[in-house]
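Naming follows writing order (A, B and C), and every chain is counted from residue 1.
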Amino acid sequence: MTEVQQATNKDQTMSITSVLVIRHLYKSFGKNHVLIDFNLEVHKGESVVILGKSGSGKSVLIKCVIGLLKPDQGTIEMFGQNIPDLDHEEIDQVRARVGFLFQSNALYDSMTVRNNLEFPLRRHWIKVTQEEVNSMVIEALEDVGLTHTIDMMPEELSGGMRKRIALARTLILRPEIILYDEPTTGLDPITAKEIIGLMREIQAKYDTTSVIISHDMNCIRTASDRVIVLIDGKCHAIGTYEELKQSDDPKVKHFFE
Amino acid sequence: MNRDLASYKFLDDAGDLFRFTGRFFQQWFKPRYEIAEFIRQCYIVGYKSLPLIGLTAFIMGLVLTMQLRPSMLKYGVEFELPAIVGIAIVREIGPVITALIFAGKIGSSMGAELGSMKVTEQIDAMEVSGTNPFKFLVVTRVMATTFMLPVLLLLGDAISLYGSYLGVNIRGDTSFTLFWMQVFKNLSFNDVLPAFVKSYFFGFAVGMIGCYMGYTSNKGTEGVGSSANSAVVLSSIIIFFLDLLAVQITDVLGFN
Amino acid sequence: MEKQGINNIKLGAFVLSGLGFLVLLLFMIGKNRSLFGSTYTLKARFENVQGLVPGNNIRFSGIEAGTVKNIIILNDTTIEVTMNVEKKMLNIIRKNALASIGTEGLVGNKVVNIIASHEEGELATEGDLLVTKQALSPDEMLQKLNKTNEEIELITKELMSTVQRINSSSAIWSLLNDPSLPRNVKISLGNIQLATGKAALAAEDFYTLIADVKNGQGSVGRILTDTSYAQNLKDAILKIKEAGTEADAVARELSNVVSGIQNDINSGNGAIHSMLKDSTVTQSINTSLENIRQGTDRFNQNMEALKHNFLFRGYFKKLEKQKKKELVKPE
């Protein structure tokens, strides 16, 4: 059933611009096969949620996409380039157009919020002036509503604030695609809601494409245009939240109970 | 079976460490050079370690002098005290104690820092931000420890000798000039240079092992703690092995 | 950014001070090894270099003047030592300067001592051969000192037993018959007095020497800072002093005996008269007195030998000079 659905989806989407196309992706760690023939297409401007249990290879998938891990087989095309084939400089050019929000925020402990935000800017865009950097930092902080924290250290911030700063750091490069690695994990429901709202806002404001990894149903319901259920390293089912909720597949049903 | 596993794991770790070191040399030459970060690391690794190294060196010089005095007195060569202490400090005590304290302070902090960066995905974040984390984190740190330990050693030696001078004067009366002359009169290049050169290797070892342990840290806070711990333990052991190697090399080359 | 600048300044100061110390260290060592100053070479030939090795120091009148460059064996009795001497010594060291091999302290490194002879001479130039002198090793010095001590002790014992013999022997009274006897006794007494005087003087000198050593430096001082050696010297001095007091006691007793004899003769005691008639007794007493004289003579010689011995020679000379000066001054 899923394959049929997938095939129809593919046919439909070929006409629309795809920013991310993953085909026949395999990845294993030793004898542990994490991804087996995974396929996915993400269209420009949509918000895709990848749903799966812990350890089902969601994070591995997203790290393959950004080039942190090299897949064993298969292609990952982003902006028309196959990520696994790129060398270091080429991959950096792609990364400058992609944002990545880490599950643990990954704010640099030894730097202030300002330096955290400046870091990717200075790294990717070497030819920016100090004024430009300053204004972009302020703008990014305004987007997440935390301008007052500019000279604080990450350790002084609460979990929700850190998530927002991490989001601001992701935003500062004006990415075309943002990859969210479990954005609401470890947050209280209210803060999680705020973050999801922020994500929606940003997507609308900057017209970005989002790929969200999550198992938080609340997040999936509000943030997703499409949901992909990842089971045993394979794309088990694709559909909108509502479609999947009605699904008879016991494995899919399991997630929505 | 069990023993086989342990030795296999040891060899596996050793291989990893050598591979990591090879990666350092491979990345070291290539641009881009993280000069600003290197200087920042030098400041942290060198300047910030000076109070600790200085304090231990001072106490070491003082204690060594006071401990040696009775024996020297027994053999009636009390006036040679500055010379003996000078040689002991410059040749062996200075480099090894400085390196051990350095390993304790810097090795553990690097293991913990890089370990927690690894665990909280900061290393991945760096890579995503268009930075080669190995270069930015490891190469700068290893270079900083390699170049700062010899400087720390020199200052530590100077402070240690001053401590020794005070130690000599607790029960004796030697002018600073005389003390200084007696120390230098018995020192030769063969005492100073091997000690100075080996401190580069000590610094390299401390940085390399600290970074390796942190960079390959396992997930979880326990992983961070154990990388800090094993960074100190392993680099301390390596320091002694390098010291043994150094003394044999200098012996063979006739520098003694 | 500003903080970063301050940190950079701190780092710079840190690194520069470290490197500064390295430069100082190397410079000081280089200076001591005469690496940076220009040098010229002098040579000296010895029969025995006593373990001298290249790199050992050269001293001119106690001042560091260079290092030993190399040592080659010319033949089975001649070893040539080539020395790197600092250029500043060009105008100082003469061709007739004496080179000898000594030790820094008792157990320290060997050094080549160059001492100026007090006669006129040409200045030594590149490659000149200096006159050499085989120096006493500290071992020999100590052995000699020990021997002297033993001899002094022996003499004192002999003196003592002689006096006792004279004292206890009733035959002594026959002495009076021999007209040469009083003169002999007198000579002996004079000798003993001389000996004790010298011994006392020597002891005193040793004490001043020790005091000087305690305060001052100098090559003698250097040797004497070695505790074990100082202990040895102290023992020697104590023994000499003992010998002095014993000799003093001997002299006093002898003088008692003589005055007793004189008293007896004056009072015309019969018993003494009869005893003195025995010519064999007189003979034996004569021999005894001769022994005493010889003993005291040897004691004197020993004291004299001690004075001329090894390291103290210079010191005693200096002392004599001082005494002379003091004597001259009042006039």
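The rule is simple: a contact is a pair of C-beta atoms (placed from the backbone, for glycine too) under 8 Å apart; a residue touches a chain by one contact, two chains touch by 3 or more.
A quick map from chain label to UniProt name: B = ABC transporter permease; C = MCE family protein.
Values in this document were obtained by computation on a predicted structure and should not be read as measured data.
Trainee: Can you give the shortest number of steps from chain A to chain C (MCE family protein), where adjacent chains in the path must touch?
Mentor: 2
Trainee: What chain sits nearest the middle when you go by CA atom centres?
Mentor: Minimum centroid-to-centroid distance belongs to B.
Trainee: Looking at C-alpha means, what's the farthest chain from chain C (MCE family protein)?
Mentor: Relative to chain C (MCE family protein), the chain whose C-alpha centre sits farthest away is A.
Trainee: Contact counts by the stated rule: is the higher one at B-C or A-B?
Mentor: If we tally the C-beta pairs in contact for B-C and A-B, the bigger total goes to B-C.
Trainee: Distance-wise, how many Å sit between the C-alpha centres of chain A and chain C (MCE family protein), to the nearest whole number?
Mentor: Chain A and chain C (MCE family protein) have C-alpha centres separated by 95 Å.
Trainee: On a C-alpha centroid basis, what's the spacing between chain B (ABC transporter permease) and chain C (MCE family protein), in Å?
Mentor: Computed from C-alpha means, the inter-chain centre distance equals 53 Å.
Trainee: Suppose each chain is reduced to the average of its Cα coordinates; what separation in Å results between chain A and chain B (ABC transporter permease)?
Mentor: Chain centroid spacing, chain A to chain B (ABC transporter permease), equals 43 Å.
Trainee: Can you name the residues of chain B (ABC transporter permease) that touch chain C (MCE family protein) in the complex?
Mentor: Of all residues in chain B (ABC transporter permease), those touching chain C (MCE family protein) are 39-40, 42-43, 46-47, 50, 73, 75-80, 148, 150-152, 154-155, 157-158, 180, 184-185, 187-189, 192, 196.
Trainee: Within their complex, state which residues of chain A touch chain B (ABC transporter permease).
Mentor: Against chain B (ABC transporter permease), the touching part of chain A is residues 63, 66-68, 88, 92, 95-96, 98, 100, 102-110, 119-120, 123-124.
Trainee: Quick one: which bits of chain B (ABC transporter permease) touch chain A in the complex? Just the residue numbers, please.
Mentor: Counting only chain B (ABC transporter permease), the residues touching chain A are 113, 116-117, 119-122, 124-132.
Trainee: Would you mind writing out the residues of chain C (MCE family protein) in touch with chain B (ABC transporter permease) in their complex?
Mentor: Listed in rising order, the residues of chain C (MCE family protein) that touch chain B (ABC transporter permease) are 4, 7-8, 10-11, 14-15, 17-19, 21-22, 25-26, 28-30, 32-33, 105-108, 225-230.
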